[in-house]
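Several structures are given next for inspection.
Look at the two complexes coming up: chain A is in both, with chain B in one and chain C in the other.
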Partner chain A sequence: MKIRVERDNLADAVAWVAKSLPTRPSVPVLGGVLLDAGGDDGDGALTVSGFDYEVSATVSVSATIAEGGKVLVSGRLLADITKALPDQPVDITVDGARVGITCGNARFSLPTMPVEDYPQLPAQPQFVGELDGHAFGEAVAQVAVASGKDDTLPMLTGIRLEISGETLTMVATDRFRLALKEFTWKPADGVTGAAVLVPAKNLADAARSLGAAGSTVRLGLSSGEGMLGLSGPDRHTTTRLLDAEFPPYRKLLPSQYTSRAVLDVPAVTEAIRRVSLVAERGTQVRLEFTEGSLRLAAGGDDEGSAEEELPVTYEGEPVVIAFNPNYLLDGLTALPTDQAELTFTTPNRPALIKPLDDEGKVAAGYLYLLMPVRLPG
Partner chain B sequence: MRLVIARCQVDYHGRLTAHLPMATRLVLIKADGSVSIHSDDRAYKPLNWMSPPCWLTEDDGTWTVRNKNGEELVITVDEVLHDSSHELGAEPGLVKDGVEAHLQQLLAEHITTLGEGYTLIRREYPTAIGPVDILCKDADGTTVAVEVKRRGELEGVEQLTRYLELLNRDPLLAPVTGVLAAQQIKPQARTLAEDRGIRCVTLDYDALRGAESDDLRLF
Partner chain C sequence: MSVWRQLVGQEPAVAVLSAAAAGEGMTHSWLFTGPPGSGRTVAARAFAAALQCESRTGCGECAHCRTVMAGTHADVRFVEPEGLSISVAEMRSLVQTAARRPSTGRWQIVIVADADRLTEGASNALLKAVEEPPARTVFLLCAPSDHPEDVMVTIRSRCRVVTLRTPPADAIARVLIERDGIDEERARWAASVCGGHVGRARRLATDEAARSRRAEVLRIPVSLRRPDDVFAFADLLITAAEADAVAESARRDEAEEAELRIAMGGDGTGRGTAGAKRAAEAAVNQLRKRQKSRATRTQRDSIDLALVDLANFYRDVLVYPTGATLTHPDHEDQIRSAAERWSPESTLRRLEAVLECREALQLNVKPRIAVEAMVTALARG
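Up next, the complex of A and B:
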């Protein structure tokens, strides 16, 4: 193998692939990055791939190929090296069992790992539809906040993706809150419905990096092999699906409310951050609603206490309701708008947060359901 | 075990001198000869004490505890409010792996925690190198050996690997797969286990006990 690539393209590609590599590979080859320059056809593409049986990532980079071939090298080391290279074309040559990387006056020689021991990269699953990358990245981030981190409940560590014609729904819940995002997308011909559970972390990582490019993201699905594929221009990633039953969440969404407050999101989040400094390890922040005002309070007699009063639009009986401040902030900061509606019935029933548009109407498409915490006494 | 509650003043003479002014306190005189003075706080920790071997001499109003180095704990007793002795008998010892045994019992009772359709064969299944914590069958009827730990570490994986090797020699049981079930599994242990085809299951002790937390939840 003998090729020349642009330094920035190579560094970006290797960094992206190396990010999905396992930190403790059970087999050393799984910690490697596969550089594949294909045949000896001059002006081609170099593909950079990584795979750990759970997540795969592949990037194509344009390269001048003098001699094709494949080589497997340590991913982390290659990522560190390419990031540190000077801004000049990079020459990669394979000589026996070592690979040489030359860039400007810098020269590296790395040991390689046997390519034949590397697992076959999964093929991209069947195309099911496409959507705007930026919107997708934002949507996944808005939903992923509510996913569980606890491995004892695997079904809660995922994001459920529901395809129903032109509507794509994403939901996550950790039993204390639930985030739901619904938006339109372009399904492939003949795709009507499907529902899968994707590990939230993998989906969030992939959506973030593909969304940052700002172009269209293509979604592929293979329920048989339990795999989801996401591709952007030159970038492809697959992730294993979770084989678990997502709880029936539709029935959790309240249909009625007796109290409704309109919140100015930036002002309220700032106030919650301040007040919750005295709430030990995020225990609770109390929201005392009266007509036209919201008093935030945290802490108690045995520890520090804090309170702050804000003007709000409030309809309903005066009430005190308490939330975990971190969960409340997660929901408020995930909103796409600066105005939000908080509706609830009693202090021990779930409260619903929805974004409001400029005219004060509920902006459809996103909701964050949050369970209050018990008030002291 | 002799318990004395008394208004007393305590002076310690030895490498250090210490003084406790007159107040009501609990004095514990244990069968091993040790004497410790407790106040109504600081949990297990006495205000002052003398470890065995030491000897107590009681004179009128003044109790003196001496050890072989000549150090002295002098308790000046103003008034005895309570004085009783109890025979406690031999101590069975602190069972540190109580939770582990309980986890095993709970998991056996709720064997479907490992997956739909799992059935228990028996707890403590005997093998030549010691009992396997739980032996069960999965939904397809394949035998599964389970090692229950509080903390899943490399040692637990090695132990299970030994059992699996032995169990797989038994034609009536083979093939036997392994599950490492623990409240917490170390990343290295998980990597090693998965590399050997052993499944890792994190157990929620509280959920198994049915002692769900009383936090408000959506479901």
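Up next, the complex of A and C:
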């Protein structure tokens, strides 16, 4: 192999691929990135790929190829090196069991690993539709907050993607809260419906890095639906789907409410952060609603306690409802707007948080459902 | 080269497995049984390769075959106990990955190298998966036998059993000559004394130290005369086994470490490699921890191997008058003289003592104490 590539393109590509590499590879070759020049597509490009059995990432970089070939080198080391290279064209040559990298006056020599031992990369799944990368990145981030971190309940560590014609729905829940985002997208011809469960972390990582590029993201699903593919320009990633049933969440969403408060998100989140300083981790913050005011309280008699009162618009009977402060903050900070609506019935039934637009109307598309914490006594 | 070439003298099993890989008599769980060294895990691996192979034959040339044999295929998980058993936590997470659809291959395959080392909880976790396997998942379990002590009957009853035989000495010798390039005389000798253990035959043929350690262990039965020899010989046996284990571990550990270091970029040269070096060191340290717990196991295994050698010697003494094939043909003189000197009853008692010692080790008795007790019994006869 003998090729020349632009330094920035190479560094970006390697950095992106190396990010998804495992820090403790179960087999050593998985710590490597595969550089494939003039590979199967034969379009005179270098592809840089990484794979950890769960997630695969491939970037193509334009390159001048004097001699094609494949080589497997440590991803971590290559990322460190390319990051530090001077801004000049980079020459990569393979010489026996080592690969040489020359850039300006800098020269590197890296040991290679056997390419034959590298697992085959999964094929990019069939195209099912596309959507704006920025919106996608934001949506995934808003939903991912509610996903579970506990690996023993795999169905809760995922984000459910539901395709129904032109509507794409994303939902995640960890049993204590649920986040749902609905928006329109452009499905491919003939795509009508599908529902899959994607590991939340993988989807969030992929959406963030593809969304940052600001272009269109293309979604693919493999025929057996075992694989989700996301691609932006020159970048492709696949992630294995979770094979678990997602809870039937639609019937959990309350359809009515008896109390409704309009919250000023920045003010309320600040206040919750302050008050919850005395709430030991995982304990509750109490929200006491009366007409025109909200009193936040946390802590108790035997520990420190804190209170804060803010003006709010409130309709309903005076009520005390308690939440896990972290979960409440997660929901409020995930909102795209500064005004939010909190609706609920009784202190032991789920509450709903929805964003409000400038005119005080509910902005459709996002909701955050939160289970209250039982009040003491 | 076909993946089946790795299996020595197992033609009947290969016929069954390659037929299954081609689609005839395929099932979701398989149990590979056979004496130590007969190639249970090799068979399971080769079968996995054949199942994923592009031509379904185990050609050994396609990317699927190569990555399965190298242990890097995305849809083949290989589990072996690092310590002395496979824990329920490990098995649960494995069952979860096993439930997935294959990503690049035809099947999602899980190979459990020592199914006899599953704890009871782990067996039960596995049982659930074996009972209702996902459509594209195949379990390949390896165990010395299908005895209930090794594999739970409930698991056993859900598996198709492939029994490997003790490979014939001729087949082992042929492989040593052809594959490892060992000269014929030594290969024939190693094949005749290895007790059907292919890996051990190769070690004996290539490693001078291993040969001399075996000779020392086999010296015990005839040179054990006075009571105060007991401790010296017990010590000899344990030291020999430990030395064997250390040599074996060192050989594997170094190679693994070097490989990991390259993968993590630990020995690149040039500017800006310090970060990678640190990460590599962290990964290597973790690997060392795993290797350490594996070393305990290797040590047990090598004591066991020495005990089997010893047991076989007494077995040879016992059967010598009948003219049966000896497991230690190179010690025929000693065997003959022992057969003349000892009564069959006392030989049998000695054989029992060795087998009891093996059992005691299984039950976690401290090796030195178990071996001393055994050598005392051997001295008494």
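FYI, the second predicted complex is superposed on the first by the 369 of 377 C-alpha atoms of A that agree within 3 Å, B and C clash if a C-alpha of one lies under 4 Å from a C-alpha of the other, contacts with A are read in each partner's own complex, and residues count from 1 in each chain.
Methods note: contacts are C-beta pairs under 8 Å (C-beta built on N, C-alpha and C of every residue); 3 or more make two chains touch, one makes a residue touch a chain.
This is a predicted model, so every value here is computed, not measured.
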{"item": "Clash or fit, chain B versus chain C on superposed chain A", "value": "clash"}
{"item": "Chain B versus chain C as contact partner of A:R177, first or second or both or neither", "value": "first"}
{"item": "Contacts of A:L252 with chain B and chain C, given as first, second, both or neither", "value": "first"}
{"item": "First (chain B), second (chain C), both or neither touched by A:F127", "value": "neither"}
{"item": "In the superposition, chain B vs chain C on chain A residues touched", "value": "C"}
{"item": "Contacts of A:V27 with chain B and chain C, given as first, second, both or neither", "value": "both"}
{"item": "Chain B clash site on chain C (candidates 7-15, 61-69 or 115-123)", "value": "115-123"}
{"item": "Intersection of the chain A residues that touch chain B with those that touch chain C", "value": "23-24, 27, 151-152"}
{"item": "Residues of chain A that touch chain B when the two form their complex", "value": "23-24, 26-27, 150-153, 173, 175-178, 247, 252, 348, 350, 369, 371-374"}
{"item": "Contact set on chain B toward chain A in their complex", "value": "187-188, 191-192, 194-195, 202-204, 207, 214-219"}
{"item": "Complex contact set, residues of chain A against chain C", "value": "23-25, 27-32, 51, 53, 73-81, 83-84, 101, 106-114, 116-123, 151-152, 154, 224, 226-227, 238, 240, 243"}
{"item": "Contact set on chain C toward chain A in their complex", "value": "63-64, 66-67, 70-74, 92-93, 96, 99-104, 134, 256, 259-260, 262-276, 279-280, 282-283, 286"}
